[in-house]
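Look for chain A in each of the two complexes below; its partner is chain B in the first and chain C in the second.
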Partner chain A sequence: MKGRAGFTMVETLVATMITVSVVGAVLAVVGPAQAVVRAQGEAADLQQRLRAAADVLAGDLRAAGAVRPYRVGALRDDGLAGVYYRPDTVTALGETNRTYYLKPDTFELMQYDGGVSDFPMVEHVVALAFEYFGADGAGRALVRIDPGILIDGPWSEDASRRLVDADVERIRDVRISIRLEATASSLRRLVPDQDITFDVALRNLAPPR
Partner chain B sequence: MSLLEALIASTILATGLLSLAQLLGLATNATAAAGRMTHAALFASQKVEELRASPAPPIEQGADVPAPGYRREWSVVPWSSDPDHVALVEVVVRVPGTETRLVALAPRPSK
Partner chain C sequence: MALVTVLMAMLMMLALGAGVAMTTLTESTIAANHRDGLQALYAAEAGIDLAVSRLRSIADWQTVVKGASVTLLDGRLADLLQGGTVDSRVVVTVTVSPDPNGHEGILALQSSAIVSGGIRRTVQMSIRRRPATGEIEILSWR
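Moving on to the complex of A and B:
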C-alpha cells in the first residue's frame, strides 16, 4: 500500500469543510436573490398595469363627448337609482359609453360598456378616485368642482333623456388617482404599492347648448 | 489535481457567480429606472393636460416638484404660426438618470 497516491483523512475533512462553507455561502446569497429576481418581474408587471390603466382611461376620456361622475347604462344605471356622483366611477359618453369603476371586493378596475359587457380591465387596484375641474366664474382659470355641486341641480335632460346636473356640463378636465399593489402578496414588501395621479383634458366635448 | 488547478477552477466559479450577481443589480436598476420614466411621463402629461384644459392657458413659465426627486418645468408661449389662437406648451420632467419632454398645442380663447 505504501507509496500509492491519495488523500489523507485530514485533507479530505478540510476539503469537505471548505466545500460545505462555500456551498453554504452560495445558497445564502441565492435564496434572497431568487426573491429579488421574482420581485423584478412583479415590479415590471405593476408598472405595466399602471400604464395600461392610465392609457385606457385617458384614451376613452379624451374621446368623450361628455362625462358623468357615475354609472350610465342598461344594467344598474345610477341615474335611475337617484345616484349622481360616485368618487370612484366615471362614464365617458360617446359612440360607445364606457364606465370605469372600482370593484371594491375584488380590487379590480372594471370597464362597463353601457350594455351587458362589464369586465375587469386591471387587477389589484386598491384605490381609484376621480376629481373634476372646470372653468371658474370668470372663465379664465381651471378650478376644482366640488362634488356637492354636481348633485344639487339645476337639472336638465341630456340627449338620451336622462336627468343631468347642469354643473356636470362644466367639466373640462378629469383628474384620476390610481393605487396599485403587487399581485403576489409575498412580494409586497419588496414591491411597494404605486400611486399615480394624472389629468385628462376633455378635448372632444359637445359644444354647450 | 494540483493546487493551481483548484485555484483556477475556484476563480472561474467566483467570476461567474459575481457576474450573475452584477446582472441582478443591473436588472434591479433598470426596472427602477423604467418606473421613474413611467412616473416622469405621467407627471409631464398631467401638466400638459391641465394647461390644455385651462380655458385661457396663461403665457408663463413655471416649475414645481410633483414628487420627491422629480422636477417639472413648463413653459407656455404663443405658437409662432398662430400666436393669437394657439399656445405651444412644453413640459420637461427631470429625474436622476432620465428626462421626459412633452410638447403640445393648446387652444387659446379668441379675444
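Moving on to the complex of A and C:
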C-alpha cells in the first residue's frame, strides 16, 4: 500500500466538501440574481402597459365630443338595458365612439368601438375607475359630480336619440384611476402593483375664452 | 480549478448584470420618448392658446387670413411666452387658415411642436367668435 500514488479518503472528502460549498455559494448568489433579472423585465412590461393604457384613454377622452359613463354601441348597449352609470366604464363620443371598461373575470381593459369590435387592450388590470367633474353653478371651477346625480334626471335626448341625464352633459373633466399587476404571479413579490391617477380635460367642451 | 470556477462565476454574473443594464437602458429610453411626446403635446396646446389670445384682440379675422393660410407664430416657445420655466429647445409653429367649409366667421388653427428629441405633436382647432359676447368658442379640437 505504501508509496502508491493517489488521494487518501480524508483528502477526497475535504476536497468534495470545499467544491460543494463553493458551488453552493455561487448558486445561492446566482439564483436570486436571476429572479431579479426576470423581475426587471416584468417591471418594464408593467410600466409599458400602464403607459399604453393611460395614453390611449387620455388621447380618446381629450378629443371626445362628449362622454357617457356607460357602454354605448350596437352590442350590449347599456342605455337600451336601462343602465346609465358604471364606475369602471367610460365612452368617448366623437367621430368614432370608444368605450373602455374592465372585464372583471379576466382582468382585462377592453376597448369597444361601438360596432362589433370588442377586444382586450391591456391585461392584468386589477382596478379601473372613472370620476367626473363639471363646472359649478357660478364660476368656472370644476367640482366633482356625484355618481348618484348622473342617473337622477332630468332626462333629454341627445343627437343619437338616446336618453341622457342633464348632469352627464355637464361633464368637463374625467379622472381616471388604473391599477395593474405583474403578469407572472411568482414575481408579484418583487414587482408590486402599480397605479396611476390622472385627469383629462375634455378639450372640445372647454368654456369660451 | 479555482481559477476556472471563479472565471465561470464572474462570467455568469457579468451576463446577468449586462441583462439588467440593457433592460434598464431600454426602459429609460422608452420613458424619455413618452415624456417628450407629452411635452410636445402640451407645447402645441400652449402655442394654440397663445394664438387664440392674440386673435382675441383682433376685431376682424379676415384681415389676418385674407383668404389664405398664414403662419401666426413660429419660434421657440420660451421666446413666444417671454419667460416662465419653459424648455428653451421646444419650437412651436402655429398656422391660421380660413374655414375649409367657407364659413366667414370660423378660423382653422394648427399648432405643431417639436421637442429636443425630434418628437412632434400637432393639435388642430377650429374657433369662432360668439356674436353676442365676443368670446371665442372652440368648435372642434383634435
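Simple rule for what comes next: the second predicted complex is superposed on the first by the 186 of 209 C-alpha atoms of A that agree within 3 Å, B and C clash if a C-alpha of one lies under 4 Å from a C-alpha of the other, contacts with A are read in each partner's own complex, and residues count from 1 in each chain.
Please note the rule applied: a contact is a pair of C-beta atoms (placed from the backbone, for glycine too) under 8 Å apart; a residue touches a chain by one contact, two chains touch by 3 or more.
This structure is a prediction, so every number in the text was calculated from the model and none was measured.
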Touching partner for A:Ala44 - first (chain B), second (chain C), both, neither: both
First, second, both or neither for A:Ala63, with chain B first and chain C second: second
Touched partner set for A:Asp199, first chain B, second chain C, both or neither: first
Residue contacts with chain A in the superposition, chain B compared against chain C: B
Touching partner for A:Leu142 - first (chain B), second (chain C), both, neither: first
Contacts of A:Asp173 with chain B and chain C, given as first, second, both or neither: first
First (chain B), second (chain C), both or neither touched by A:Glu108: neither
First, second, both or neither for A:Asp165, with chain B first and chain C second: neither
Touching partner for A:Asp78 - first (chain B), second (chain C), both, neither: neither
Doubly contacted residues of chain A, that is, touched by chain B and again by chain C: 26, 29, 33, 36-37, 40, 43-44, 47, 51, 203
Contact set on chain C toward chain A in their complex: 5, 9, 12-13, 16, 19-20, 23-24, 26-27, 30-31, 34, 52-53, 56, 130, 133, 135-138, 140-142
In the complex with chain A, residue positions of chain B that touch it: 17, 21, 24, 27-28, 31-32, 34-35, 38-39, 42, 45-46, 49-50, 52-56, 109
Of chain A, residues touching chain C in the complex: 22-23, 26, 29-30, 33-34, 36-37, 40-41, 43-44, 47-48, 51, 55, 62-63, 203-204, 206, 208-209
Contact set on chain A toward chain B in their complex: 26, 29, 33, 36-37, 40, 43-44, 47, 50-51, 54, 58, 133, 135, 139-142, 172-173, 194, 196-203
